[in-house]
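Shown below is the structure under consideration.
First chain written, first letter: the chains are A, B, C and D, and each begins at residue 1.
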Amino acid sequence: MEDLNFQHQVRARAGGTRQRAIVGVVASGNLEVLVERSLPDAECVVDIKTAAMGFGAVWSAVIGDFVERYSPGGLKFSINDGGARPDTVSLRLAQAVRLIAEAGQ
Amino acid sequence: MTAPLKDISPAERARSTSFYEASARTRLELLLDAGSFVEFIGPEQREASPHLKIFDLPEQFDDGIIVGHGRLDGSPVFVAAQEGRFMGGAFGEVHGAKLTGLLRAARQIGSIPVLILFDTGGVRLQEANAGELAIAEIMRALMEARSAGVKVIGLIGGRSGCYGGGGLIAGCCSALAVSEPGRIAVSGPEVIETNRGVEEFDSRDRALVWRTMGGKHRRLIGAADVFADDNVQDFREAALELLGLVGPFGLDRLRAEQRRLADRLRSFGGCGDAVDIWTAEGIAHAEAVPELPADQFIALANRIGRTSRDAR
Amino acid sequence: MTSWQNNRAARDARIAAGAGLARGKVVEAHDVTRLLEAVVRSGDRVCLEGDNQKQADLLSRALLAVDLSKVNDLHMVQSGVVLPEHLDLFDRGVAKRLDYAYSGPQSARIARMLFGGKIELGAVHTYLELFARYFIDLTPHVALIAAVSADREGNLYTGPNTEDTPTVVEATAFKDGVVIAQVNEIVDTVPRVDIPADRVHFIVKADKPFFVEPLFTRDPAAITEGQILTAMLAIKGVYAPYGVQRLNHGIGFSTAAIELLLPTFGERLGLKGTIASHFALNPHPALIPAIESGWVRQIHSFGSEVGMDDYIRARSDVYFTGSDGSLRSNRAFCQTAGLYACDMFIGSTLQIDLQGNSSTVTTSRIAGFGGAPNMGADARGRRHPSEPWLKAGAEADPDGSALMRRGRKLVVQIGETFGDKNVPLFVEKLDAIELAEKLKLDLAPVMIYGDDVTHIITEEGVANLLLCRTAQEREQAIRGVAGYTDVGRRRDHGMVSRLRERGVIRRPEDLGINPLDADRSLLAARSIKDLVRWSGGLYAPPSKFRNW
Amino acid sequence: MTLDDIIASLFPDGHEVRNDKGVILGSATLRSGGRMLVLGVADRTALGVDEAIRLSGHVLESIDRDSGPILVLVDSDSQRMSKRDELLGLNEFLAHLAKVLIHADMNGRPTIGLLYGHSAAGALLATGLATRVLVGLPGADPAVMDLPSMAKVTKLSMKALQEKAKSTPVFAPGLSNLAQMGAVHMTWSNARSLADQLEALLAGMPAVQDRRDALGKERGGRLKATEIAERVHDLALQAR
């Protein structure tokens, strides 16, 4: 297992009122993303535990593009990864942002 | 462009969502009254398995099972749903303890039923002793809850089936609903093949696997009382139906179960294949049973009339 | 005096040598090896019918058992090297030289044997090339073929999996060769005559039906959100703007996703009747929902698919069927149809390089070419116009004279940027080149050459290579859809965004597609069982695909 | 110790316990004078539908007729892995046996399991693990999952697994591991009279309540189970 951590300063706070959301499952080629509204508005943190070693640079690029595109300010993402491909990671992150942006608690 | 799923009613969504394919969370969301679900020790608590790191394996925040409280047609229920895609839905220490705690609470309260959405290959190999023991504790807690008047309904239709100790827990439930892709057994097909050879059981012959362990066979021999079509709404309706049917547990049930199982052994013990059993049940063209659509199959199963009602 | 009929005399002598073992044309299964020892001569060119799907397995085993002092050093000329016995022949010394087209399940072993010098390789062909050479310089002396049934005269019924048989028999029987057929049964009257009796010299009743592999069944349950997204991009980004009606699909999950999105996503886009109506395609079960929804007008097939027989029989408006009602497939004709009468090929591959060359070869496997290079190539001899063909031609050469400009076949590579086990689809150098260097081949085994590829589709978007004007643009267009692979991360960001402005690269949002909508609920069928329901119970999937 | 030795040492005052093709059925006289129902699996026999139905029947027949505790002797294989057993619903037969034992225990017929040989998987769940107190005898070798099978699935070497097993009792076979997890309450001594040890246990039988998770925590084998179960329990009581 490899632990990765990324911290970004972002333009704007993420929309919605839900405090947390979870998408995906941990399985081969899949991952779960837990997102929590627990940070100051201009910060975004992504914590990753991955079964696939040595993909730090790819993760960095995927997270960088994601933060740039969605500006998920105030959100902390915690990922358990079963060796998912970057496109699956991007999709789950986007799904997590969509879910937490819904109304609710 | 695409019709947003939000625009359709929860029941329509539940009707169009395959139980087999859905995640444990989606199953619960659509099975229960909309918005009623409250989770106990949710993923944000990060109570993952403490043992997987020994094997350098990824954890899941909820350890592959979701337990909580919700409403079904307005009435309170406790629910547990296994995620069959995470480690095959297998029982580990934390996973099992969540269900044990839920059943113990149900016992104490006495009046709130429990729904268990099974999706499991059995004991989790990497924590085999803890998983095995968790299953023993669940069986004990389940029977204590039933003895205190709690109805415990099992719903089986996930991709990992209900194998190993999961099959034994299912055997302890007040009643079961099963769908065609759902499977109930103790030993998995590969395990039988590995131990006894491909002549005994060809695990790649999926038609054989399903007619031996699958939902239709389990319904026909009376192991499950309701056959659900593979969608969440049908399982919701099955759960409601079973909650209405189940009576209190007692010694008479165990005696009736002894007779029921002994009778099964007498009637079908010499059969080499499920088709022989179905034929012995008086089903013409028994070999066509796997192809029957749900409505025709349900009519057939009701005509055969084997159930475990009041006998489990 | 010069004799001009030596070959016919030799053929007659071979038949006479075998006749002692036959009653009429019928030979018992236990006598087949002796028959082959009587009929086959050392050094002969032999076609042992190994097709893409159907296998003359009894004859393979019989040939493997011949006495080496009587039969050796054969030159095998067959399209498919599929059964272990096909290679055992070389290990044992029954055969020495090989010309073939496809070796799917034996790809690793054939590579080892080539490295080890066990096989003297002629060439790896496409199906059409090998068939063509049957009539020029690789004509078989003996053809060992497979059919469903025969009558006592030797008329053969090949059933839905006709595949290569008519081509093989044509080349052999009309050039003084001997044709030996294994059949599942001998009947009084065959359901239809696929091969007339005067082209067949011996028939053998096999103890069990010939082996057929269900190669074209893709379980919808295994289709991922990523594949659905690429399928949406293909439909909206290529099928729709070109109005592609005549086409061929590969066998991957992305194209299965396209087939399953036609009645849902395609329907909502109002595309029914304007795209995907005429196919050169095997009877893919995944196409059933589109057929049932009225999308598909006509399908001609290379071979059949296990479990589809009853469905095909009941849908003769769509498929080619014989007088008996069952499918008539024909690989040679269907390959020709794919090459000349289709406006698009779309399929997946394992590796794509910066020029757009693609290959399914890895350094330890030689799977051969099969039909993809012919499907996925611009037919330079094509002369009839069609809208998609002309539009593609115009995009490639906007300044050329309309009357003199060639059209272009759309050759589309579709896939996800990372494949199984996170292996990248895009590479700087194809493994095929390394293999060619290692084996000292004259040609690297490239499946589809970059100059034939018109579009590359990944979850990152659609790259239209027709619109690229320089090699550098082409490279950046490819890097631009290569996502987070090394190739993709080394893109020139400025150039890629300029290409996007010009529509060379189109991202999902440029096509009005939200990746979050790429949901499995869009699939017209999400399981094999759903396909059975769509077919009204006519599709009978093989056991390995069932979960009931 | 052989089964005969064990029974002789447990019941010096006499017994009618028979081993019929690996199925143990009978009853015995306790030193204290009462009767004890005896059942179980011997000779490392696999527990299938045919065996399970006899065992559950034996207990059910005794429930109204007799009183006194129940002893379940265990030296079994795993559940019987066969097409026939699964076809007939082995899960129901095993569950039924467990249910009958649990019901008896809850209703005045305290159950004791005595694990004196092997056992595994479904067979252990339906017998020893369905009793109130599971006792181990020295030399017993239960294995929920054997290491060679684990090595196959986890793709780890036997050596690597054995190394891991030193640091945790959570997965590896063996009586002491199960004891540390709380599954086996106590291990008796071969050197002393089993009758003495049985009488001592019966005299101080723990309450009906399942405390195996707490036991596992006390012994340092299962640190999470009891806490998690209690937290869920408390949340559930608040939620109603």
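Just so it is clear, a residue touches a chain if its C-beta (ideal position, glycine included) is under 8 Å from a C-beta of that chain, and two chains touch if they have at least 3 such contacts.
Nothing here was measured: the structure is a model prediction, and the numbers come from that model.
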*Would you identify the chain whose C-alpha centroid lies closest to the centroid of all protein C-alpha atoms displayed?*
B
*Where the centres are mean C-alpha positions, what is the separation of chain A from chain D, in Å?*
46
*asked:* Averaging over Cα atoms per chain, report the distance between chain B and chain C in Å.
replied: 43
*Which whole number of Å gives the spacing of the CA centres of chain A and chain C?*
42
*Rounded Å distance between chain B and chain D, as computed from the means of their C-alpha atoms*: 25
_Based on which chains touch which, is the overall arrangement a line, ring, star, complete graph, or other?_
other
*What residues on chain B touch chain D, complex-wise?*
38, 40-41, 47, 50-51, 54-55, 67-69, 76, 78, 93-94, 96-98, 100-102, 104-106, 108-109, 112, 122-123, 125-137, 139-141, 143-144, 147, 164-165, 167-172, 184-187, 191-192, 195-196, 200-201, 212-213, 217-218, 221, 223, 251, 254-255, 257-258, 261-262, 264-265, 268-269, 271-274, 277, 308, 312
*Residue ranges of chain A in contact with chain B within the complex*: 1, 20, 22, 25-27, 30, 32, 34, 36, 49-51, 78, 80-82
*asked:* Quick check: in the complex, which residue numbers of chain C touch chain A?
replied: 224-226, 229, 416-418, 421-422, 459-460, 483-484, 489, 515-516, 518
*How about chain B: which of its residues touch chain C in the complex?*
1-2, 5, 16-18, 20-21, 180-181, 204-208, 210, 214, 216, 230, 290-291, 293
*Across the complex, what residues on chain C touch chain B?*
221, 265, 268-269, 512, 517, 520-522, 526-527, 529, 533, 537, 543-548
